[in-house]
């Protein structure tokens, strides 16, 4: 049995329905566990208690990028193999990714205020996330704007491919741009090797939690999309008959 | 392709074609900015490279939805798609027509607007050069956005939302080149990046645009 | 040599099959008139034959550069004159015979007039004259006689006859009697797609994939 069997909506619904409770449960335990454990860690000697926003910020940022990656893969599968579930999964992942990006941006701003003395810094990393957020908005808006679902799937697929290239390009252009203005204020916290184990393990748990949370949300939204499509298809057939 | 290019140029310059609108819009942007930030020459000179590039970009955006929408409405696009011309060629030709009627006038007029904004002396050469290198990419990316949104109601607004993020790398390198040039620094690094982006866009994006058009025509 | 040969063709609109199991051929000198109630899929069939949308099932055997499509919209630019409009399409398709097309559709006197100054019927005549300058063998026409008066319909039939005599073919979707007695009539009603999908062909779209 190949993995493409799950491209069949009925099989996908059955399989996803079976794993969903486990994913949701795991997501709840790991996310809450990671965040609470993270909250109980001692204050950092330099950053004080603000460092604890790390446990929300880093996993969200990670998932913001991973959601786009997943959309890219799903779009490619749709374009090459025309599996309808794949297109719907890409559609389902977009708002999840957009919200993750927004969480990363907002927590970044809240964290940046005490650290850098400003709510917003045109730091290459932050700027890249803002650009990523714009790409998410465009992608979601295009899905909303096109009435025919087949055209919408194709157009958003093409947009996702082109957008991925340009999002990556913007990432490097922004790096160039800010270094051109002033020396980077890059405050890299994500480099794990400089972090002590006290922070590292709760962070890993929170990351796992956010990963499961994202998977759960995407599964639920994909299932909703499949049901909506099924409803629309039945209505279309009834109207025609 | 030549016939299509000539027709588009002729349509753009006839009554109702909207030729020159982008230029007028550019002028208005460059007039409004000093009202907003104050008339001090020093401030204006500092932000002139950025304003000129953003202004050029917005002027370019103004006429994008006309690239395919008019041909879609009157049925020409269906007929062009069944013509012996590859659809990629149609996209390239339309983008070229858009650049000749919008981008090229902006490039040529930019020095005049540079005077309005007190652009420092050494910046003019780099302004013209960077716009000449960058605006073709704006037209082709715009053609892609226009192809994606061609059949949609309220496509114009969506077009801006889709296309503007794609303009970011071009804007960054273009404005950076002018800024460095105006400050007497070496502008070649951003210029080379700008040219690379334009060449890659010219080579690849027409294929994406043509595939989007095919979807919208069926 | 057969101009157009269709076997087992199914076409879809909005992700649902509208017509299926279509089989017909078009030989040089033949005209085929498509009939059927509104919404059956005549336009969809013509667009599929023209290559504007993919067939859901079955084969269309035709030289891809042999068809010319005339839709409801005429593809005219109102700022250009009648001659300029025709010359553009002649150049794009690599055909000629602009003067002949003008005189056949009785447009010679209007040649220098801009298209926005034409009446609806005159525009339609210009749109049909465009078929002449494409140099394509198979004309696919969707309701070609809309807004034409009786005399113009006569001109149109004469133009089609000339095209057929020169070895061309025509597929015409129409509701009126053109007076083209030699044309075969294909009633599409029996080919209406069944409500439920049979067989294992590719899904036409989301509606069928989830139906």
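Chains here go by letter, A, B and C, matching the order in which they are written, and residues are numbered from 1 within each.
One rule holds for everything that comes next: a contact is a pair of C-beta atoms (placed from the backbone, for glycine too) under 8 Å apart; a residue touches a chain by one contact, two chains touch by 3 or more.
Computed from a prediction, not measured in an experiment: that's the story for all the values here.
Comparing the chain pairs A-C and B-C, the larger number of C-beta pairs in contact belongs to B-C. Using the mean of the Cα atoms as each chain's centre, the chain most removed from subunit B is C. Measuring from the averaged C-alpha position of subunit A to that of subunit B gives a distance of 31 Å.
A separation of 48 Å divides the Cα centre of subunit A from that of subunit C. Measuring from the averaged C-alpha position of subunit B to that of subunit C gives a distance of 37 Å. The multi-chain contact residues of subunit B, meaning those touching 2 or more other chains, are 218. Only residues 131, 134-135, 137-138, 141-142, 145-146, 151, 154-155, 158-159, 161-163, 166-167, 169-170, 173-174, 176-177, 180 of subunit A touch subunit B when the two sit together in their complex.
The touching residues of subunit C, when paired with subunit A in their complex, are 14-16, 195, 202-203, 205-211.
Within the complex formed with subunit C, the residues of subunit B that make contact are 2-4, 7, 10-11, 14-17, 71, 73-76, 78-85, 217-218. Residues 9, 82, 84, 148-150, 153, 226, 229-230, 232-234, 236-237, 240-241 of subunit A are the ones touching subunit C in the complex.
For subunit B in complex with subunit A, the residues that touch the partner chain are 144, 148-149, 151-152, 154-155, 158, 161-162, 164-166, 168-169, 172-173, 176, 179-180, 190, 193, 197, 205, 208, 211-212, 215-216, 218.
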